Every structure is written in structure tokens, then in C-alpha cells.
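So the structure is just underneath, and the comments pick up after that.
Labels for the chains are A, B, C and D, by order of writing; each one numbers its residues from 1.
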Amino acid sequence: MAQVTYIEAINQAMTEEMERDQRVFVLGEDVGKRGGVFRATDGLYDKFGKERVIDAPLAESAITGVGIGAAMYGMHPIAEIQFADFILPAVNQIISEAAKMRYRSNGDWSCPITVRAPFGGGIHGALYHSQSIESVFANQPGLKIVIPSNPKDAKGLLKSAIRDEDPVLFFEHKKAYRLLKEELPEEEVLTPIGKANQVLQGDDITVITYGLMVHYAKEAAKELSEEKGVSVNLIDLRTVYPLDQESIIEAANHTGKVLLITEDNKEGSIIGEVSAIIAEHCLFELDAPIKRLAGPDVPSMPYASTLEKAFMVNQDKIKDAMLELALF
Amino acid sequence: MAQVTYIEAINQAMTEEMERDQRVFVLGEDVGKRGGVFRATDGLYDKFGKERVIDAPLAESAITGVGIGAAMYGMHPIAEIQFADFILPAVNQIISEAAKMRYRSNGDWSCPITVRAPFGGGIHGALYHSQSIESVFANQPGLKIVIPSNPKDAKGLLKSAIRDEDPVLFFEHKKAYRLLKEELPEEEVLTPIGKANQVLQGDDITVITYGLMVHYAKEAAKELSEEKGVSVNLIDLRTVYPLDQESIIEAANHTGKVLLITEDNKEGSIIGEVSAIIAEHCLFELDAPIKRLAGPDVPSMPYASTLEKAFMVNQDKIKDAMLELALF
Amino acid sequence: MMNKHEKLGLSDDDVLEMYRLILTARRVDERMWLLNRAGKIPFVVSCQGQEVQQVAASFALNRDRDYSAPYYRDVGVVLAMGMTVKELMLQAFAKAEDPNSGGRQMPGHFGHKRLRMLSGSSPVTTQVPHAVGVALATRLSNDPAVSFVTLGEGSSNQGDFHEGCNFAAVHKLPVIVMVENNQYAISVGLGDQVACEKISDRAKGYGMYGETVDGNDPFDVYRAVKEAHDRAKNQEGPSLIEAVSYRLTPHSSDDDDSSYRSQEEVEKAKENDGLIHFRNYLKEQNILTDEVEEEIETKLKEEIDEATDYADQAPYASEDTLYDHVYQTKGVN
Amino acid sequence: MMNKHEKLGLSDDDVLEMYRLILTARRVDERMWLLNRAGKIPFVVSCQGQEVQQVAASFALNRDRDYSAPYYRDVGVVLAMGMTVKELMLQAFAKAEDPNSGGRQMPGHFGHKRLRMLSGSSPVTTQVPHAVGVALATRLSNDPAVSFVTLGEGSSNQGDFHEGCNFAAVHKLPVIVMVENNQYAISVGLGDQVACEKISDRAKGYGMYGETVDGNDPFDVYRAVKEAHDRAKNQEGPSLIEAVSYRLTPHSSDDDDSSYRSQEEVEKAKENDGLIHFRNYLKEQNILTDEVEEEIETKLKEEIDEATDYADQAPYASEDTLYDHVYQTKGVN
């Protein structure tokens, strides 16, 4: 069986859902003939035609807002935002409209839209093509925020997001697009939204993270296990809003030592909430302070490779932090 | 000496700074002849003329973006957003532009703008005139977010914000506008940004909050002290981004029991980060789980008074939570 | 006076029904102010001065099929699309039974799925892209419905107006955008909001049809929207219709308009009140006889009284519904 | 051939200098592609096909006083406003000494305070309100400077374009908005971006002056921007100038344009390359003799070689500058 990259998995998810359900269509910048600047929608234009794979004018608030209107009608649109950084002009449509539609209409209307956007750093994207933007939205009940860490989840979660009757922000790590590949099962992959995933079982320390950092954490954990015999309990959040509190609490209790990782700036990131959940529910099980490893609190990742490297959380930094916690 | 309300204090701050510095001007919706829908800019139009008190077209991204441009030129604009809920169309200008200006230009350009907006609930404002919106911005290095809890700080912090050489979001609690009054000192009030304030000294529990909740917490603490002899250490964050870590850590260590309060939805709110800071630095000083009292995780405050009441954190709910923690 | 309605294809019954709805909007609105001043309801945002354009435009639609995305002043639109006086009172009183939001939203935040009326929010102009999205969806679904959206002239300065209109025009979608120009955005007069001569001048920049009509003239509004509706059905793309009238009340019950406009200006505008002109026309045409008028007013008063009592008595949503409808299922998935 | 520049008030020296800058932009850009293909710099976003309009427009400004907010293709603008080839190379190589951002931003993200050139970001069109804000500030400060801002035609569909232009028009501010219409937004051709005939048709909807000019014609661009500059200085408000040309390269070094446009189309556009026409004109006018041309090209090559070497050798910002310039002072206050 062939290896499927993270981006191919995303492409497959869209293709399958568009084949399955006429209500699914794609709109965004350059998603048509060009197949997306990353080529996530490659082939969809030829397969489904320009009516269902729509090159929108360069206007994110309209891309999202038009998608919301179509979703209210009963469609299941997939809106592609070219880079997650450029979702910001659409924040009003996402937070004021999509997230609140069901609630404000007392359940009369709903908004089953999926907004996809590549996020994350380490690809020489500089300040505006590297950001982790999830925390801007991670305080908005009504929204779900999903971030897959591997091809299988990318496919299974995107299919679930498209079918979901509520709005889902789906952030794809652009460095993972071609870096990560794996074989996918023959049968249909559908991964539940709202559930974290235990990537590694272990007893010494619990590491909770999401996105590309899961990959680095897994690699670091393998090395540490071999080199130092440290046993890592690795949790991939997968849905970063609303959080899977049960899995977080269980994992924290299991080891009593917790390392939280994000490539986002530290203050105000997703992992602050994860820490708060643990501090609320597991205090007496903890054997060490809840440690956080994150990007520095500077506006975003600079372009120059020296600075990008200094900014980005990587496998080595993770390994060091893991060891430090294990030795605590 | 006369009692000054929270909103009068804000009006005084703007008046004094506009008198002091020609570079200061105001722009926003209905800030001119009407003096603002809450009347925060009352009298400024008559005093400083329409050139410096500008009724802008109904377009928040322009109000902010034009302010940013003027700030780059060297002015110190005050942009008023009519309700904090309506800042969302301006998120791109605030996060992509204002927050990153200094960093992206390597210190060449700066952006000394103040964006004022009334936030908060309990005033029959329904979903879109009640929100706490600070957490949308509380992950953006380069920005400062200030939320005063009383007239004196409202004045002193707003004056500091206007003078600040970096962009400041200044959220004013609209229920506090006329609810809170106090005498202000004769001399100039300037309150430092970035520093929390110890409102009450106490030894049993530490309560950390901001905005209108400080008022309720203070009242609740008084009652509890009288009724049950509970001694509350009350911290007003005042600047919610970036947080004053030192004061938070010191206060948490002092009592070992911490209650965090926000009227925002719980998950992803400011107090999650506060909790994470404590869990990172004070673990072994803690005698109880870090408790959080917040709004429910539903999109925003409904209009019907039954539902609004059920949503809103109030003095009674705070008192109960304090007592529970004290008894832990 | 010349008969103006027949040549537009409107029967005597049609125009009488239009008038009845216009009057209903006005009387409901007047009642809401009374209720507000009596402390019975906390808030009113008014349609007064805009009812004629609202009802006339709605009559040019296919009210059994088309979608609407009204804005907060559109009492005339929502009545014409099928909302009842009782439902309007339920939303004014914020009661559980209110079909718009179950009392969750402020009055004037309309939405009614059975009537194909999109749920609206407070941030202005977000509904424009939504209406465009509905039109896109109708095309993808081979549904002949047309999408109708309204907004104030002040709101036409928001980015969403620009982006929504442009999207609709590029894709030649069946959308009618009606700007209700009442010459104020709260306290800001037209001249401080825009420098263009007409809001409809913006249409050219999108390559869509644009036209300005007198919002106080039901026939002109009806004609313009009817033509826009025909264009929409014939795949000729969207239209921008500007209906000019005047806001006869303060912005809302929280506003005091004396700080920014003179009483004379308001009084003068009242002379142009389309409702009065329409009434005069119908009287001259002998369609609205004194008897008919009395009957309408009497019935209306009864209906409003009943609706008010009903809404006043109706229960609020109970506390334990606070967590309902955040997601489709409680908890996530 | 008729002398076209004198009647515009441009001397022979002026036009020769314009040509030199246009050529500089082209040659710098060509070098960047070479460096990119050689793996020396990770990214290029190109000015090719737009240099004529960029330099001609800039020459119509007061380059010692006015403010500019260029967009990422504006190598011609930034050169005309005073940025050096060396500085351009420093930003391409992302070195510490780069005055635009010290290597923090991608190439093409210009900004230079001494040159009154506003710092730009990647999200398109945000610079339009900034330029309007600068114009507002100049008025408040009795500064006679004019504010000049550019953007692509695709970017003119963003809300910030609408909101910014409207604000400028309402307040009659001294702003010149130049849309560089190169007929593509990455892969999306003009017809899928807009349905209007001309982008300048949007001006009417703001009540501002609008005009479309041939971006390959330096004289027409110069005249239009000069007139806009006069209007700005005379308190006659903002202008929207659309300069039409063609993007001769792929969108950027990451793009492959063969998937969405034909090689023939590109070749045909190259025949209209304004640089060639301008060169021919100057040759016919005997302003650009073969000697002069050779001298220019030789000097240019030297300058670019030197700048490239310098930038290549220059150090990157050191890691410990990562935390610099988040706020004015480290820590908050």
C-alpha cells in the first residue's frame, strides 16, 4: 500500500466527501485551476468543475461569510484560507456569525462550515506565513478547532469536520504537508472530533501537545526511551477547542509530571488552558510543576534563518525539556 | 471634593491628555456632536473641534487602520470602538499591524495608538453588547491590554495608555461607567501599565480578577470577613496582557489558595493563563486546586433577564466560591 | 390622481394589503415605544419612516420561495415575509416562545427558518455575504429562489458590503441588496459617512446594476425591486437598490437625537412620510374608504393588544436552557 | 516621434533618470531570480512588467516630503523614493543590516522611516487605511506632504480598500491610491476577481476622482499621478489611479504559472513591456544613446554585483536579538 502524505490525506478527504455529498463544495483563493498554492485541492477542479471548486476574489471575510450563508442554506462548504495568518480579516464572520448562529437563533439555524487553513512555522515563512493562530478563536463556544498531527488523522478529522453540523476551524501544519507520510487503511477513516489521542503509553512523564509538535515529541520520546529509559505518555490533543478535559485529566493523573508543548507564543496559548484544567483537577496527583515549552513571546517568527531557528520549538528543545522533567 | 464616576474619569483622562499634547486626537463612531453613545467623549467636540474629535464612517477596520497610520506618523490617536463586540472587524489591523509594527520593522516604526472599547455584561445588552473580548487578543506580543476596575485607575491607566509608545487596547466595563464613583486626587493620576494592584491584603485566600469583578469581589470579601472572618488577598490584574507574573506568583505563594475570576466564558479566558503561571511557579506552595469562577461556556450572554442572570458572575456567586475555597 | 399600481401589475387588493402591512409595522412600532416608556420592554429600535420601502420591496419578491436577510429596522419586511404581530411582540418582550431567538437576542434581531429569513446579529453588514452565500447555494441546488438583503447606508461603509457585493457580481448571483438610506448612522449625518452622490453609485465598481429610488414612494420601490428580481431570475446577476427616506425616530430608545439634529428637520421629514402619502393615494383611488380604514385600524389595535398581552404573560426561557444549542449535541460529538 | 515628456515638465535628465531606475528595478529583479534559482535566497516576488508605472508615479510625487506605502512588487517605487540597491539586496538575503526589517520579514516587505516609507506586512490592503491615517495626520500637523499608497487589483477586493477609500473621501484627505492592475491575483485572472469594467470605476462610489491609465506608458502614468498630487495639495481630496499592465513572471518564486495561463499570453504581454517602449522612445529622442545605455548597464551591473557580494557576506541578525523591539522597553513599562 502506498504512503500517503499529510496533504494528500487532506486532498483525499475532500475528494471523498465531495463524491459522497453534493452539498459539499470548496471555495477559496487559487483553489481552482491552480489547485491551491500548496496544492491541497489538486485535481478537484477537474473532477468536480468550477461550480463546486470556486476561485473566490481575494477577500477572506467574503470567503467565510459567503460560506456561512451557503451553510445556513444547508450546504456543507469548505472554505480555504490560503495561510492561517490571513484568517484575521474573517474573524468577525467566524466569531460573531458562525460560532453564534445556532445559539442566537435558539437552535433554528445552524452553520455547518469547515474553514481550512495552513498554519505553523519552520518553513521560512516569516512573520505572516508562520503563525499559530488557534488561540485567537479558542474562547468561542459554538466553534470547534481541530489540528491534526498525522496523515491518518488529517483525513479522518477533516471528513468528520465536513460532516459536522457545526462550524469547524481546521488548521493544517504546512510543514507537515510533505514531511509526514504513512499508509492509510483501506476502509473509510472517520476520526471523532473532541477526542484527544494517546500516541504513546508511558509512566514517567505525560506530554500533551498538538500539530507538528506531536511528531517531534514522538521522535524525542523514542530517543529518550532508548538513551535514558524514560517512558513518555504522549497525548495529541487533536481538538484544541473545546478541549477533551477527561483525557487531559486522566493523563496528568497517570504520571504526575506534565509537560505541555506548543509552537505558538507561550502567554495566552492553548496550553495555558490545558494547564489550568490540570491545576483545577489534578493538583494532589502532581509531583512537579506543570511545565510549558512554547515559542517565545515575540510577535511572530522572523524570516532570517538564525532567528527562525531560535524561535521554533524543535525536537532537541523538546527532548531537553522532557529529560529535565523526568529528572525532577 | 466631588465624586467622579468611572466614565467621567475616562473623559477627564482624554481631556487632560488632549490639552497637554497636540498629537492626541479621538476618532470613532458618534464621538463628535453626540459625545459617544455612552457619552465618554462628552464635551470634547466643543472643546477641541471637529478636527481632533472625528466622527468616522461606520467601519471599524478603517477607524483602527487610519489610527494606526496616524500613529506611525507620530500622532497618539485614541480610537473608540462603540462596543467591544464590534472590534472584531478590526482584528486584522490590530493583530497583523499594530501589534507587529515595531517588531517587523526592527524598531524603525512604532504604533502608539490607544483603542478604547466598552465591554462586559449585566446591562441587558444581549449577545453582542455584553462580551468580554480580551482573550481574542491576549496572545499577541507587541500589544498591551488594559482593563481598569475603578475610576482612579480608569483615569490613570488611560493617561498612561495614551502616552505609551506601543499599541494599547483599553477595555472599559460599561456597567461600571455609572455604577462606580470615587474622589480623585488633585494631582495628576498616572497609573503604570503592566502592574497588578493589591486591592485587599489578606492571608486566607488569594483572589485574582479584573474589571467589574474586582468590585464584586471586594464587596464579597468584606461580607465574608465580617460574617466568617475570612481574610482575602485581592489582586486586580489591571493589565491582562502581558500579565504581571511577579505579582501573581507572590500573591499565590502568600496564601496557597487561589480563586481566579472572570466574567468571560471559562475555557480559553485570561484566567487560564493566570492559572498556568501559578501552576508553573507555585506548585509546592499550593494548599488547594486552583479554582476558577467564570461565565459558562456558551457563546455569549442572552438578552432575557432569566438567562442573563444565569450567565453573569455576580457578588453572590463570588462569595460562595470564596467561602468554599476558604473552607477547603 | 393617476392610477400608479395597475400598470405595475398590482391589484387593488395588493396595494390595500401593502398598506395594511405598512400600517401594522407603524402601529407595532408605536406600541413598542409606549411599552418601552412604560418600562415594560427595555429596548426598541424603530422602523418609522422606512415601512413603505420595506413592504413595497418585499411585495416584489416571491414571498413563498425567496430568502431574506433583514436588518434590525425591517419590521415591514418581516411582516411581509410572514412574521406575525404576536411573534414581534414575543421578541420585544424577549420571551421563550419568540421564534427569532427565544428571547436570546435583542429586539430587532430577526430570523425565522420556516420563513427562510436568515438569523441576524448586531454587528452590521455581516448579513450581506450571507445573502450572497444563500444565492450561491440556490444556484448549486437548482433552486430558483432569489436572495434579498437589506442594510443601512452607514453600514454600506463596512468592508463586508464591498466584499459581498463584489463576490455576488463576479458570480452573477441572484441577490438583491437594498440599502435603506435614512440619512443617519446614529448621530452621523450622511455627509460625514460618505462623499458619493448616491450609495447606488457603488454598483458600477462591482459591475452590478445600481439604482436609487424614493423610499417614500411604494411604486418606485416596487418597480425597482421587481426589475431586480427579474434580473436575478434571468441570471443577469445582483442589483443594488438604494431606497432613500428618513429616520423619523431617534436611533433607538437609548438615543437622544436632539444633540445632533434639529426638531425642524425631523418635522419637515414627517411631511414626506411615505405612509401618509400612500394613504392619501389609496383614499383618492377609493381603495381605502373611511370604513375600510376604520376596520383596519380597529382590527390592528385588537391584534396588537392581544399580542402584547400574550407576550407580556408568556414565560421567559428558563435558566436551565442556558446551555442549549451551543452545538448540535451537548458536549462535542 | 513626438516629444512627450517636455510638455509634462520633465527634462531630458528626468526621463533618463526615470529610465535608469526602471532598468535598475528590472535588473535587480532578474538578479534575484538567478540568486533564487542558485539557492542563494529562498524567495523572490517580482516587479517585472510594473516598473514603468512604479517609477513614473513616484516621479510625480514630492520625493523629499511625501509618504509612501508601497506593496511587495514595488521595487520601482522604493528605488525612486531613495532605497539603494544594496539595501534591496540586504533584504533579499535577510541580513541584519537590512533597513526594512533587519531580515525579519520576507523580501518585498518594505519600510524605511527615514524615507517616510511605511512598513508593510503580508496581509494585503492593510496599508490603504494606514496611508489615509498618515494623510489625516499631515492635515492635523499642517504638513503639506501627500500620502501615496499602492496595491494590486486583486487586493482592491478587500474590505480595507473600501473602508480606507471611503474615509479618505469623506475627509477629503491628500491621498493617492494607485492600483497596479497586472491582471492576475496569483492564479486568478481579472474576470474571476471583479466584474467591473475598470477598477477605477470604484472611485465614484466614494465620491473621489478615478482614472485608469496604461501602466506601460510612463507619461500617462506621470500625468495622472501629477494631477492627483495637485488635487491632494489643493485640498481636493483623494484620487484612485488604476495603472494597467501585466505580471510578466510567475506570482513568486514559489509559483508555477503554467497551470493557469498560457506561455503565448505571457509572450504577447512581453511585447507590451513598458520598459522596451520607454527605451525605444528615449533612443528615438536621442536621449539614450548607445554609449549612455552601455554606461548605465555597466554601472548597474557593477552596483548589483557589489551589492550582492556585500549582502551575501553580511551577517544575519544574531539569535540574541530575537526579543528586541517587541515593546519600546523590554518588559512592559
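Operating definition for what follows: a residue touches a chain if its C-beta (ideal position, glycine included) is under 8 Å from a C-beta of that chain, and two chains touch if they have at least 3 such contacts.
Heads up on the chains, UniProt names are A, B = Branched-chain alpha-keto acid dehydrogenase E1 component; C, D = 2-oxoisovalerate dehydrogenase subunit alpha.
Note that the structure is a prediction, hence the values are computed from the model and not measured.
K.L.:
Higher C-beta contact count, B-D or B-C?
P.N.:
Between the two chain pairs, B-D has more contacting C-beta pairs.
K.L.:
Centre-to-centre on C-alpha atoms, which chain is most distant from chain A?
P.N.:
Farthest by centroid: C.
K.L.:
Take the average of all CA coordinates in chain A, do the same for chain C, and state the distance between these two points in whole angstrom.
P.N.:
Computed from C-alpha means, the inter-chain centre distance equals 41 Å.
K.L.:
Please compute the C-alpha centroid of chain B, do the same for chain C, then give the distance between them in whole Å.
P.N.:
36
K.L.:
Counting in whole Å, what is the centre-to-centre distance of chain A and chain B, each centre being its mean C-alpha position?
P.N.:
30
K.L.:
Which residues does chain B have that touch at least 2 chains other than itself?
P.N.:
Touching at least two other chains: 57, 59, 61-62, 85, 88-89, 92, 96, 100, 103-104, 127-128, 141-142, 242, 297-299.
K.L.:
At which residue positions does chain C touch at least two other chains?
P.N.:
If we look for residues of chain C contacting two or more partner chains, we find 101-102, 104-105, 109, 121-123, 157-160, 162-163, 166, 170, 192-194, 326.
K.L.:
If we count contacts the way the header does, which residues on chain B are in touch with chain A in the complex?
P.N.:
61, 85, 88-89, 91-92, 95-96, 99-100, 103-104, 127-128, 135-142, 241-243, 264-265, 267-273, 275-276, 278-281, 283-284, 286, 288-292, 297-300
K.L.:
For chain C, which residues are in contact with chain B within the complex?
P.N.:
Residues of chain C touching chain B: 42-43, 94-96, 101-106, 109, 121-124, 154-155, 157-160, 185-188, 192-194, 254-255, 259-260, 316-319, 321-323, 326.
K.L.:
Which stretch or stretches of chain D touch chain B in the complex?
P.N.:
Where chain D meets chain B, its residues are 67, 98-102, 104-105, 109, 111-113, 118-119, 121-123, 126, 128-141, 159-160, 162-164, 166-167, 170-171, 324-328, 331-333.
K.L.:
Can you list the chain B residues touching chain D in their complex?
P.N.:
25, 51-52, 54, 56-57, 59, 61-62, 64-75, 77, 89, 92-93, 96-97, 100-110, 141-142, 144, 160, 164-166, 192-195, 239, 242
K.L.:
Can you name the residues of chain D that touch chain C in the complex?
P.N.:
157-163, 166, 169-170, 172, 191-197, 199, 201-208, 237
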